[in-house]
Amino acid sequence: MSKNIEVSTNEKTYFLEALKSGIRLDSRAFDEIRQPEITLSKKEYGYVELDWGTTKLAVRVSAEIRKPYEDRPFEGLFMINCEISSMSWPHFDNQKNSNDEVLIARIIEKAIRRSNSLDLESLCIIAGEKVWCITVDLNFLNYDGNFIDAGCFGVMLALHHFKKPDISIVNGGEDIIVHDVNERQPVPLSVLHVPVCLTYSFYNPGNKESNLKGEDDDEIYLLDANLLEEQNREGSIVITLNKNRELIQLSKNGGIPINANVLLELSFKSMKIVDRLTEKIKEVIKKHEAERYEELNLRLLEVGADR
Amino acid sequence: MELYSPEGLRLDGRRWNEIRNFECRINTHPNSSDGSSYIEQGNTKVICMVQGPMEPTLRSQANANKATIEVNLAVANFSTLERKKRSKSEKRMVEMKTTLERTFEQSVMCNLYPRTVIQIDLHVLSQDGGLLAGLTNAITLALIDAGVAMYDYVAAITAGLHDQSPLLDLNGLEELDMSTLTIGVIGKSEKLSLLMLEDKIPLDRLESVLAIAIAGSHKIRDLMDNEVRRHGNIRSSKLVNN
Amino acid sequence: MDTNEVISITKPEALVNDIDSDVEMSDIEDIETPKDNSNTFKSSIVTPGELVTDDPIWMKGHGTYFLEDKTFSSVAGNISRVNRLLSVIPLKGRYQPETGDHIVGRITEVANKRWKVDIGTKQDAVLMLGSVNLPGGVLRRKSESDELQMRNFLKEGDLLNAEVQTIFNNGIASLHTRSLKYGKLRNGIFLKVPSSLVIKSKNHSYDLPGNVSVVLGVNGYIWLYKTVAKSNSAANTSITSNTSKFQASVDSSGSYAPGQGSISITRLEEESSWEIYSDKNDPNISNSVRTNITRYNNVLKALSYCELGITEQRIIMGYEASLAYSNIGSLIDKEAMESICQDIINNEKMRGA
């Protein structure tokens, strides 16, 4: 990303020429995302592996009981750790976080944590004393562009998949008992809304002057760029939306300027994809729940079950 | 606390489409920098100093095709009501710094200055909302003062949405309670070079917020342009005397 | 998108006239204020992004960019039209080297057969080993041993004055010191002013009243030092026979500026001894000379503070005006600097009238 040296000039020209004639090198349409392939852990709650094209990532959600912040006694804690190592791409440094890595982590955090996608008050056990602390570890395994969209999708999927152990409060609020997941059915997290990040990359087919002073907006916009596309892009914007038609985040960290009308157009166009991805999360989780239900023979435990 | 009264007045008595007092000066530190500026956007106060284009101190900064832009952001401990020490490696700082670097890489004609570095030092003296916008405006002015070739001004401003009504140029209190959109506009166009929205707004309201923000940034551009011209005329009148 | 009306309480007009307000930054311009108000503010300057012309006959020069037929300015400055060439000259900016400029620089790096010199340009200038006078005669070949002892001639941090020999394609300036007036600087202090303030002239080293000389680098780097004429440093070395002649010529003319007048090739050779790279200052600099150097230093600071162009005459006038202040330290007070510059301007007006 930061080091463009690996792309030769000819490669770049070839790529841009293809774009100008309306072709993406992996034959997708300009506004088409790669199909996510989801693997949900059957044994644990809250472990998800996601294949977003050849971008791969693993998400692990864990919960522990902690003391809340003093200024917010009724709210649980929620953290997202982004782990970007050289495993995913040699250019990422293991020791030092590059600007790109900070941006990725920050945008995902803003999309999910800042937008209150997780109901923090429902994580409260005893006000001011004990709350659940939910930690999401996001590990990127292979990098082929677009960590942001994939990361955000992966985290949301894992939050839906995760269940925290049931607890009961005893001794008049003095102590709590954490029930083992085999003892009592664990409780899912209360997710208020599902933010979906979509990254558009821009390419300027003309020269800089026409981009800045020209009348016509002939910049090319690609949704969900892969690595090669990301290395060649001249700017990008992350639009985060949910299916309630709420704009959660806009983030354009420099790059070539885009017209305000184009921004509006892109945001409205994105809604369709947002709906589809939100639906996908719901669908996959539902299917997974059903399977688990079958597997554990949970039907037998139901009150009206015929034993 | 009423952010926007039924009579159409905001906390500090402004109308919805009114910007805060905007003051700017260029060439404030002529001896210690190649270009410098000072801006006040309400109570947000920023000093900016530009060094360069100059020989890079690190070999890795030398790019054979274009200038490297390096932004250093220092936020004074006393810049907020509560005195607080801020580290430069804070994620929010790194994000802002990266955003500014990437914005100005595009609007400065970097290709004219190969193998050099343009170092931009920002000092935030006081924060009262619209920090990123203030920083952007300060950099624009300092770069112009330094005589660095740019395609156009980058003028930035914030706007928010209160209920149904968009509000222009939020102050610190408003920013806490409202979702804030920061935009950076190229000159008098409607082209956005910088865009930052961190809280929810309904998608269908985006257009009205954007519209007032763009109009506001054009106003800021004019105010900055006035200062550049005022200073430029004084300066050129002196040189003619020789 | 519709453009909304934006209310703003900052009145640009008020801002222009309201220069005496307590905003500390405006003080710099205070001196010139009365004149500017009369000048009517219709400016000839352009600012970045401004359309300069949409006439296609103009050729686009520095400080501009174009799209189709339209030419836009990319800097804030004055439009210059030379024949068909349209360019915008920035009001301020880093020093742009030109061949023949007399400059003062500082060595930043000793590299392979060359020194890197900071002369206030975008990229450091180079001084090739082959472009300096070395001990043992000008016309000799530079040997490997010279390469090895480059640091003995000039090392990092040394100040020198030189001339721009040529500008390479990539914009880097190449310097030379192949004249006696160039070389290492000694016996004085260094001062930096914006390069735009130094007015180019035929000669850039002057002897000033008070036994002080100045090298006024075109790049805004200035060296103030004790006038060499009174220096005995040349006498206490190997130069024996020539010294007397040299001294004589100095005394007859009354003021000797290094490099002025013709120098025979033989003398040049002898002068190019190790002496010219010596790191020793003249041990006998009197207190009065030191005081004068400081005084000039502060006068130059005042000129640069008020953004007045710097010429020999102005320096001398400033020096004379500064004699009213017995305490040199007080010269850098804002009032003192402004009053000195006002004196200079008044003085010039009187002479001009």
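Order as written gives the chain letters A, B and C; numbering starts at 1 within each chain.
As a working rule, a contact is a pair of C-beta atoms (placed from the backbone, for glycine too) under 8 Å apart; a residue touches a chain by one contact, two chains touch by 3 or more.
Here the structure is a predicted model, which means the values were calculated and not measured.
Peer 1: So which chain is farthest from subunit B, going by the mean of the CA atoms in each chain?
Peer 2: C
Peer 1: Applying the contact rule given earlier, which two chains have the most C-beta pairs between them?
Peer 2: Ranked by contacting C-beta pairs, first place goes to B-C.
Peer 1: Counting only Cα atoms for the centres, state how far subunit A is from subunit C in Å.
Peer 2: Taking the mean C-alpha position of each chain, the two centres sit 57 Å apart.
Peer 1: Counting only Cα atoms for the centres, state how far subunit B is from subunit C in Å.
Peer 2: The computed centroid separation for subunit B versus subunit C comes out at 33 Å.
Peer 1: Touching at least two other chains at once: which residues of subunit B meet that condition?
Peer 2: 151-152, 186-187, 190, 207, 210, 214, in rising order.
Peer 1: At which residue positions does subunit A touch at least two other chains?
Peer 2: Subunit A, residues with two or more chain partners: 209, 213, 260-261.
Peer 1: If I count partner chains per residue in subunit C, which residues reach a count of at least 2?
Peer 2: Counting only residues that touch two or more other chains, subunit C contributes 1, 65, 72.
Peer 1: Considering the complex alone, what residue numbers of subunit A touch subunit B?
Peer 2: Of all residues in subunit A, those touching subunit B are 99, 102-103, 105-106, 109-110, 114-115, 208-209, 212-213, 234-235, 237, 241, 245-261, 263-264, 267-268, 271.
Peer 1: Using the touch rule from the top, collect the residues of subunit A that touch subunit C in their complex.
Peer 2: Of all residues in subunit A, those touching subunit C are 209-210, 213-214, 260-261.
Peer 1: What residues on subunit C touch subunit A, complex-wise?
Peer 2: For subunit C paired with subunit A, touching residues are 1, 65-67, 70, 72.
Peer 1: For subunit C, which residues count as touching subunit B in their complex?
Peer 2: 1-10, 12, 15-16, 23, 25-26, 28-29, 32, 35-36, 39, 41, 43-45, 47-49, 63, 65, 72, 74-78, 90-94, 108, 116, 118, 122-124, 170-171, 192, 194, 196, 199, 304, 307-309, 311, 345
Peer 1: Within the complex, which stretch of subunit B touches subunit C?
Peer 2: 14-15, 17-19, 21-23, 25, 27-28, 30-31, 34-35, 38, 52-55, 109, 113-116, 144-153, 168, 186-188, 190, 207, 210-212, 214-216, 218-219, 222-223, 225-239, 241-242
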